[in-house]
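So that you can tell them apart, the chains are marked A, B, C, D, E and F in the order they are listed, and the count of residues begins at 1 in each.
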């Protein structure tokens, strides 16, 4: 049995130690990942159309995650009476993909390389952006690995095909994904307000099989019913744009949009999803920590990721 | 048909260009406004009783509004399946009223001059404060232009008659309005918590015909029922004090008050209002951007104004 | 009858004057308190496990409280049609307990001395932390003064017995309280997410008689039903950790946890409590103002305390 | 001999206790000041032409001053080998002048009343602004009390006569002072860069007897030589606009101007002044703490004031 | 004679009005510039290697420049006894070059187009970045317009040839410039500390004719002697990276480096340059306003640009 | 020869990757350090007397240090024409000492353990605080390892013996050091202004052999002459309190004091020291990053440490 480690060793308070994700081990050798989950940073933000700074998302989320890194053997949730993420769920942090300033293609390729390495190791990839364009190489890394369905939490549809030649900016990823033969559908939740996607983008999304729900629509349905709209049996890739949340809890982002989700609304979707579907990959993007001096946004990202991982591995029988 | 303009010309990302409201044209000549809507800044904040800084409200809201200035031909809303604010709703920014420090009377007079110019041009005045005292000259500009009813969204009643000689501070505007013969009534929504108005102010407001609703009362009624309390057929002037909203989304203001409205609660009131009443003028006040380093408050103001304008002109048949 | 004081004397706007709590008189002589309520600062934050800064909680809450210090004779609430805290509810500020850096025992002893002085004077102690460890001496000061029940509003259970020798940190207070023979029970509300308390702490709390409710559980019950779970007739001590609230309105704290209470949820618990129970003491802890540049957190603390005091003394017949 | 008080009583660390200036006693009764020095806050900032917020100057400087409030019996300076401000220099804080929003005349009158009360008590007035317009009532309070010379440390000449009717804004005080028959001259130091004073203001200042020095001119002369330009025997009133300092150490102000003084340059002027002249009054203005999240500006103001008071009373034989 | 405009019209305080540079007229038609000086924003920051945010440099500097926009007819400097920038020096703001996210080549081309338009109009181009990579298209716009010498104020040499394929990032501009046949030499001043340029970059710079001076070397020489090293008669293009300044006054930038210049050191170089050389173009880059909540960095940029323009046109006989 | 590594592998921009100090390898096994330099974090701040937050100093300085982590083989300094810190100077980051909240003794013991491990490995210990009290265990770790002289850069003397029982707070370290038989003397530089040390502390320091210099005294001497006062041949331990620097460049600290050193003044002392003495250990304390939103303070600390290490190993023949 794994003890919580308080009797011996270090107290290891949250503010102590190097900021890897959850203070989990750093694995610099991408050919020796050996874990159930691998965290990859993708600090690219040249795809943004308003405030930059998501390049510091990986560092910000890592540092915030230490708040949840008490030396327990797992995280006990009294509401569920479950200890999530027991010690035998191995989570490693493999650092960041290499970014080449002024070069979107190379930067995206390096991100894809990292995700492929994780998938090759049989681990669950959890990629921390960076702006939402980093979803493009993440999805490309899934080529040849079976069909996937995408669940997107976002304020914006991100379904622009091309504009002024731009095809890999943060307004394009869902369109790029929908084009892939192995992406069988998209569930796009939280979409609201004016954004870079014009009416024609919505029309295209519907035509390519998207199920689009606004915050109010999703709220009326409830988390379980939203998840129930995903085709049964689908292997699901989750992409969370932090601006899917309300700016009240996620102001530290590039293009905030009022009227977003509150914490439990998304958390309960994640829990429902984990119970019903295999989750094959996750990215969480658009955390720009320097726009939130309170730190709430990065804490939200870390809290959501750790709880979602708990749900996934509990559903897989790890707890 | 107006195209969205992406094929040619500029991409014009939100962070690019001079910060007029919505990046709409600046019209410096107030005798040649020629538009459906004219934006006027009223950067006066000497009427505040706690934190100043609303003088930077016009600049802050203008800059935030650029986030919603993608080059679309209008703003498509997928929930309503409407493209609001198509190109033929002409919106212009006429700059700011001249403010004379240490002189409330002159500053207010200059604001009144600006609003009169807009009304003379047959345009809808949208005034960005400044503190709530700037509502006083706004309402005075409506003298001789028919009866109006006032819908106020605010945490505070602002119904102080006079105290230590002060009659034109930010605690006085609704009292000043109620005194006008052409103001036929007030609907005051969101009022809560202790403020500069004492019990006698509430008594006076009721005596002068105000309908006062707290946030909890309005929430219980729902947006439509709140609007239904406005006398049918009334021409409505809307004054939004940003502190009517919850500090979670509007911390950048002088006198925050917890327990305020969330985004959709007010937005849906605006939509219900636009469907049922002629809106003859708008002011939005008390945005003090320097108290909100995340920018959420100014973004809220811009998002609310642009959507409200969309509702108004959709109701007028522009879309 | 007490007038509101506007006719003569000073206008006394919120930003004017020395920042005592509510601009009430400072009483430096702890043997001559002579009031119904005495405010004590307990600026100790060496018990924190993540972000420090709660040592500036007393100053921050005092300064924020001036926003609610208009010169009215009491605070009129139009929803209740009650003027709370009329002039004859004497509130004094007795300053801060002396803190000795690097020495938890001495600092706690000085806090206990202050609370004892207030209790000896027959006044209601209202202690502003500092981190949650300052609850330990507050409760110790109640020794020999009859049985009490504790109502805790908090994200964290704070029920760690001992770890690495630490027994008086901010993760320990509820365990320390539960050990006291005169503490007959605890109602712990708002508890959620991973924290320093592991599963064994929850088991111990239940074994020692705690009633533990998460935010979602309390929300489902409603404020009145939560309060109804407190044994009838109990004299109640209230401890509010500001992180019981949602980070959207209380980001300025050491260990934020998403998914917390909104304003009215807690306020209504306080109102229900005041109607049903004698409140014998209050502490409000973990406000770290420097982590919230908007000031919302300190304003929340001040607004909650002043309204709660209003409810308590209204229930006692003061209004 | 006064002990430093550490053996008994409180440790009284800087962050502990109510924020009066230097944690000195608060005297609310202006007819019973009984001290060598009286601190008065003048939180008026409606005279500003750019960023407001100096209304929080008194609170900010008071809070910062607690950093220098260790329980020593005086402040030992090892460079001078002097213990300044021994216990028998009585300093009291008399709170703030009452401010009436929207009314410059009344607000100024209230400030004048406060300064007169201090002078009537035979104490040295130290007034913390507020914007520089509060110097106007400060100087007016000296009417009938003998001739004074003014030493101004400032980036701006503040010598505007009248513009758009404004005569009591923060661009006017030195002109108002120069008009007084009992003001025998001005030494204006630190003046640089473009400001609200145009060439005609400089001409008027020279004509009315001002000695104007830029930062570079004063730096070339050295602190002693600058002070030596003040007529021998003059009783000197000192007005320090914090923007006389370099924005590197004083960014928290309304109209920052690069190229200002560094700390010792002004401190040494104050020391030279105190040795050579009777100082009859001091104001320090334009600290707007909310524009400096690091707190450096308010700390600078407090550090300068406390050291200057030390120099003055050392010269008077108190040490 | 041009009056200062205070008698009639508007007071036009700095915080009033649309934020064009210096509140000068906006000219949207780049074929009708008609001015002595044209300001162009180049809000591109994908070339940065650490903190982004320089895309908000143009907006930040424009807003800060309003502080120096009092309605005077020119800016009187009492040290020089000169009124700089009298009304007949026409300065216009032509807005921003269009930026295409993820596409460095297109963005740079659009910047070049803007500079060419200014040069074609016979006006002095003043380009506000953006990161230092925007200097590349600025210099390219000078092709075919005669020889130029470049004076660079910067912490970093920016002389990287190519790395991982990157040739147009913010570490490359001086190398790109040195390659141009019409760039006859570079004077690189302020260079210090470790940066992206390795030893081989310094060797290459020397080989290609650069004169490199550190801050300490330049300080020892004095401003005039630094300028005297520029070949007599050279037409000079000035590129100011704000990180050439000390972080004490310019913290709002992407790659701060301690030990930089103070204000007058650079100002006096600009004044000496204007007296001795024809200045044919200016860019000022790397202001990232969101990293400086005090606003000092943007104010520095605005103050430096306005004074430098004053020197240039005074030397040309405009004053 | 060590190449700079750009040809192959990663570009590794500063913002990419896990934040160890200088992105150097993390060595978690303190019995296998194997390096010339080992970095240890000591995130303890319960010894502070004003603003806390130095517990985030290690994380802040590590993150800032990545700015100087370009992939060069060493850091080329063009002023010295030296490439410092070539690849064969092995620097490792061994993480943080374990901190036990509320327990100063245990926390200090854990820090001492870490320093002893470094010394046992024959590496140079570089300890990042934390408040200045962490110097106490650092010095204690040197027991039995030969005599050392201490060079302190600081605003405050930190020579309090005992007060209210406190002997290990941040006002005590130099007194504790002076008591050690193996500490042969102290050179205390930068000492200024009022602080926790009273006159008797200065007397004691002089009596125990300290050489105390203020900023102005050190500035008059020059860096070399300051270092020349250290006894020739002494093995020197350097303790840098970041508040020895001017708040203009180091505002992010607990007890800022105006009038401090600028960058080169300290850097040149370090360079002179490294040339003349063996440096046996370094600590850098009191960086509280959350009080400096610009990041300048942490960048200063990182820049100073990396350059000082360069000087030390250059003097040892590594370059």
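FYI, a residue touches a chain if its C-beta (ideal position, glycine included) is under 8 Å from a C-beta of that chain, and two chains touch if they have at least 3 such contacts.
Worth saying up front: this structure is predicted, and the values here are computed from it rather than measured.
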Contacts common to chain C and chain E (chain labels): A, B, D, F
Copies chain C and chain D touch via same or different residues, half shared test: same
Separation of mean Cα positions, chain E and chain B [Å, integer]: 39
Whole-Å separation of chain centres (CA-atom averages), chain A against chain C: 37
Shared interface positions of chain E, touching two or more other chains: 11, 13, 15, 49, 51, 55-56, 100-101, 164, 166, 246, 248-249, 291, 293
Chain-level touch network, classified as line, ring, star, complete or other: other
Every chain pair meeting the contact rule: A-B, A-C, A-E, A-F, B-C, B-D, B-E, C-D, C-F, D-E, D-F, E-F
Chain D to chain E touching residues, read off their complex: 49-51, 157, 163-164, 166, 191-199, 202, 212, 214, 216-217, 246-249, 251-252, 255-259, 291-293
Interface residues, chain A side, partner chain F - complex: 10-13, 15-20, 26, 41, 43, 55-56, 59, 62-63, 93, 95-101, 293
Of all residues in chain D, those that touch chain B in their complex: 45-49, 51-53, 55-56, 100-104, 106, 133, 164-166, 168-170, 290-291
Chain C residues touching chain B - in the complex, by the definition given at the top: 4, 6, 11, 13-15, 67-68, 70, 72-73, 75-79, 83, 246, 248-249, 262-264, 267, 293-296, 299-300, 303-304, 306-307
